[in-house]
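In what follows, subunit A forms one complex with subunit B and a second complex with subunit C.
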Partner chain A sequence: MAITSEKMLSPEEKDTLKELMNIAFGSASADLAEVINIYLKLSIPEIDITGAENLADYIIKAVDLNSLSTLVEQKFWGPLKGQGVLIFPRAEREDILSVLHPQEDPASSNEFPFHPGLEQGAFLEVGNILLGACVGKIAELMETYVTYSPPQVLYGCKNNLDFLSASLSKDCVAIILKTSFEFYKKSIQGFLIIITDQSSVDFLKEGVKTFLEAYE
Partner chain B sequence: MDIKKILIIDDSPVARAILKKCLPKDKEFLVVEAEGGREGLEIFKAEKPDLTFLDLTMPEMDGFETLILLRKENPSALIVVMTADRQRETAKRVMDSGGTLITYKPAKPDQVKIIFNQIDKLEALGRIS
Partner chain C sequence: MIYKQIFQMVDMGIVILDKDFMVFRWNNWMENRTGLNSQEVEGKSLFQFYPDLKAPWFLRNCKAVFTFGNFAFFSQHLHGYCFPIKNTSFSFLEFPYMQQNCTLGPLRDKEGSIQYIYIMVQDVTEIAAYQRRLSFLANRDGLTGIFNRQYFNEQYTLEYQRHVRYGRDLSLIMMDLDYFKKINDQYGHLCGDSVLKTFTELIQERLRSIDLLARYGGEEFILLLPETGSCAATKLAGELRLLIREHTFTFKEISLKLTASFGVSSLGTSGDSREELIRKADAALYKAKKEGRDKVVLAEQ
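Up next, the complex of A and B:
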């Protein structure tokens, strides 16, 4: 059964969710910039709805997922529950890490001191900041709270995206809040995707209403 | 400063509606709206607003590009950038591109009141005319 986004969320609710995502990611990017000396170019968020069984295909197409891709995934619980996924689809991991975890003295060597522990730690740190701050800000704007699982890093998992829909019933729909960003003056693009399901629809609607009621 | 006509340039209808509700209630304003930078620039030229609120993250022509063109059109215009992007580098780029002030989303009535007060202070200091 195809459930259209129009039936689930009204155009005004979708516009408001886009604006909430915009505010949340704008805040999260500033949190990251405080920790790491980088500057993110932000994009306009999108809201999509797809069947849970199509979620993996949706993600693969939406971000051009491939064997180079690096993902950081974090689940969250509360009145709003789901998972956040940070995706770097195309860049070499060494290139991303040279931005996320630069050497203190870049002139001292042309080689980035690359090792697995550092790599994992840098991605976890960035994922934790961006995903936590973004989801947390949305929850704050909707006057609620969420708790998080520890983030995990996944590499090149185009053929194994089952974790994305593991927490969703097969017959339910996935609500996707998506935004993209670029490291300024670097050709590295990333995506932040928040996935929730229809069990959170009532809460999302109520959250949107709460946010807008503050202006009545 | 006697602000009567306000232009809001933002692709988000929700953001525009929120900002309109946050304008001071003790004054009357004529508010004109644009959904993007290109349309905003045309309205800016035609309407000559006393104050312009400008978003940064917009399709086609973003707020930075729009800001530079607005400033070229009117070097003394009051242009307040209202953005969700709280990065310090963004604030620096806004001021380098000619923004009068920068403030952050979501808009709040108190915050907009502060913007109006800051505009009065800048005028008193002779920083704007």
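Up next, the complex of A and C:
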């Protein structure tokens, strides 16, 4: 039987989770700027709940996914377990390289040791750092740690998205934490989606409760 | 005690660094492979021994791990290696240095704050060598050694996507040796094989490193030209035509003068599909044959 979103998280819990994410992402973008010179603007996050089998369709609709899109996917596990996905609906090669090379012409940079994977390497690195920063900050606020699998780059098509729900059981419900982002002074924009499922619900609820209590 | 033993006995390199990139721990595996013993390295800056690691890509990822507690991955596929360690295995000619998958991660104290980061180094040289060999065998034509049709199709799909993404030029040249069947019939298949080999060698020598020559059918070959418009592609086809025409093919005591025909198609702003571009090159080649052979025909855009 399908679990309704209200049964998973109450409206109040949803709002608190949103607030918690907002703080986590704000802190992540501040640290990214200060420590790694990546200047990122994140929008107010949204929370959605959908059936695992509808996940690919949900994402395609939510982010206007097309064949020109590039995705970076990374799994994380611990008390909070799931997948992080960065989606660049239409990222130009030069744009993604310029995120890592703010002051120079990326094409002439020898920063990456091997040239053939330059573009893929840049997506992987930006994805790994952004997802690590955002997931890491959520975990930090919930006073826990997570570990990560290596990220992978995918190109936008439905087949590539179906595997996202493969790690969720069929009748499972996916909790989607979504935000859009853009890099300051760059024409590059995208979406950051964190997908988790029932197995993390209790932990999320507990985290939200602790978070609320701290402010009461 | 047990953890210490594991640290020393595990079949991978483990390096522990503090926030100033000073080496805190250097395990036996690293000692054996690098020739640097732990007393020599511990307490000193990693960059004193590996100055190439003092690069933005490495520093940025270390800082991220210290700040966010995330992991960083330097795969062999993209980076080759982080620590230049001489390869002493059978593949040393292909890979002078050990190929590595490296992972960086955080190490926390009791309070949960990150005091150190670890680098784990996995030797994947043997896997990389087998992968390279397998991909060579899977992607090549057994007779000529150039790429096969399957590899062409994969690369063509990628180049076509690149064209759609970035609007870059892309051209194809389809080519065919004129009257090749006669060579086989008159001088035998070994002579025919030798001609095909020489033909592809001649073409290959004339190409840029980014161009891709593949065997498309029996004596039909296809050339994928990224970043190349119709003028440059037609000019190249003309040069290749002369190259073949002027060459004397030899097999044992047989000397042959041969010609080839070429069909060129280009993706400019025409918006042709992936299949349509191949069809156009094929149709242009057919036209070149029909109009007397030893010709270059550019398909209509």
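Here is the rule we use: the second predicted complex is superposed on the first by the 173 of 216 C-alpha atoms of A that agree within 3 Å, B and C clash if a C-alpha of one lies under 4 Å from a C-alpha of the other, contacts with A are read in each partner's own complex, and residues count from 1 in each chain.
One rule holds for everything that comes next: a residue touches a chain if its C-beta (ideal position, glycine included) is under 8 Å from a C-beta of that chain, and two chains touch if they have at least 3 such contacts.
Everything quoted here is computed from the prediction, not taken from an experiment.
When the two complexes are overlaid on their common chain A, residue A:Phe25 makes contact with subunit B while staying clear of subunit C.
When both complexes are overlaid on chain A, the residue A:Glu12 reaches subunit B alone and has no touch with subunit C.
Once the two complexes are overlaid on the shared chain, A:Pro150 sits against subunit C while remaining clear of subunit B.
Once the two structures are superposed, subunit B and subunit C can be ranked by residues of subunit A touched, with C on top. By the document's definition of touching, neither partner reaches A:Asp162: not subunit B, not subunit C. Legend: residue contacts after superposition of the two complexes on their common chain; A:Leu141 is shown touching subunit B, with no touch to subunit C. Look at A:Asp202: by the touch rule set out above, it reaches neither subunit B nor subunit C. Of the two partner chains, subunit B is the only one that A:Ile44 touches; subunit C does not reach it. Residue contacts after overlaying the shared chain place A:Ala33 against subunit B, while subunit C stays out of touching range. For the contact definition in use here, the subunit B contact set and the subunit C contact set of subunit A share no residue. If you check the complex, the residues on subunit C that touch subunit A are 55-57, 60-61, 63-64, 67-73, 75, 77-80, 103, 105, 108, 112, 161, 164-166.
Residues 12, 15-16, 18-19, 22-27, 29-30, 33, 39-40, 42-44, 141, 184, 211-212, 215-216 of subunit A are the ones that touch subunit B when the two sit in their complex.
Across the complex, subunit A is touched by residues 11-15, 17-18, 21-22, 56-59, 83-90, 104-106 of subunit B.
Across the complex, subunit C is touched by residues 28, 31, 35-36, 67-68, 90, 92-93, 100-101, 111-114, 117, 120-121, 124-125, 128-129, 131-133, 135-137, 139-140, 145, 147-148, 150-151, 155 of subunit A.
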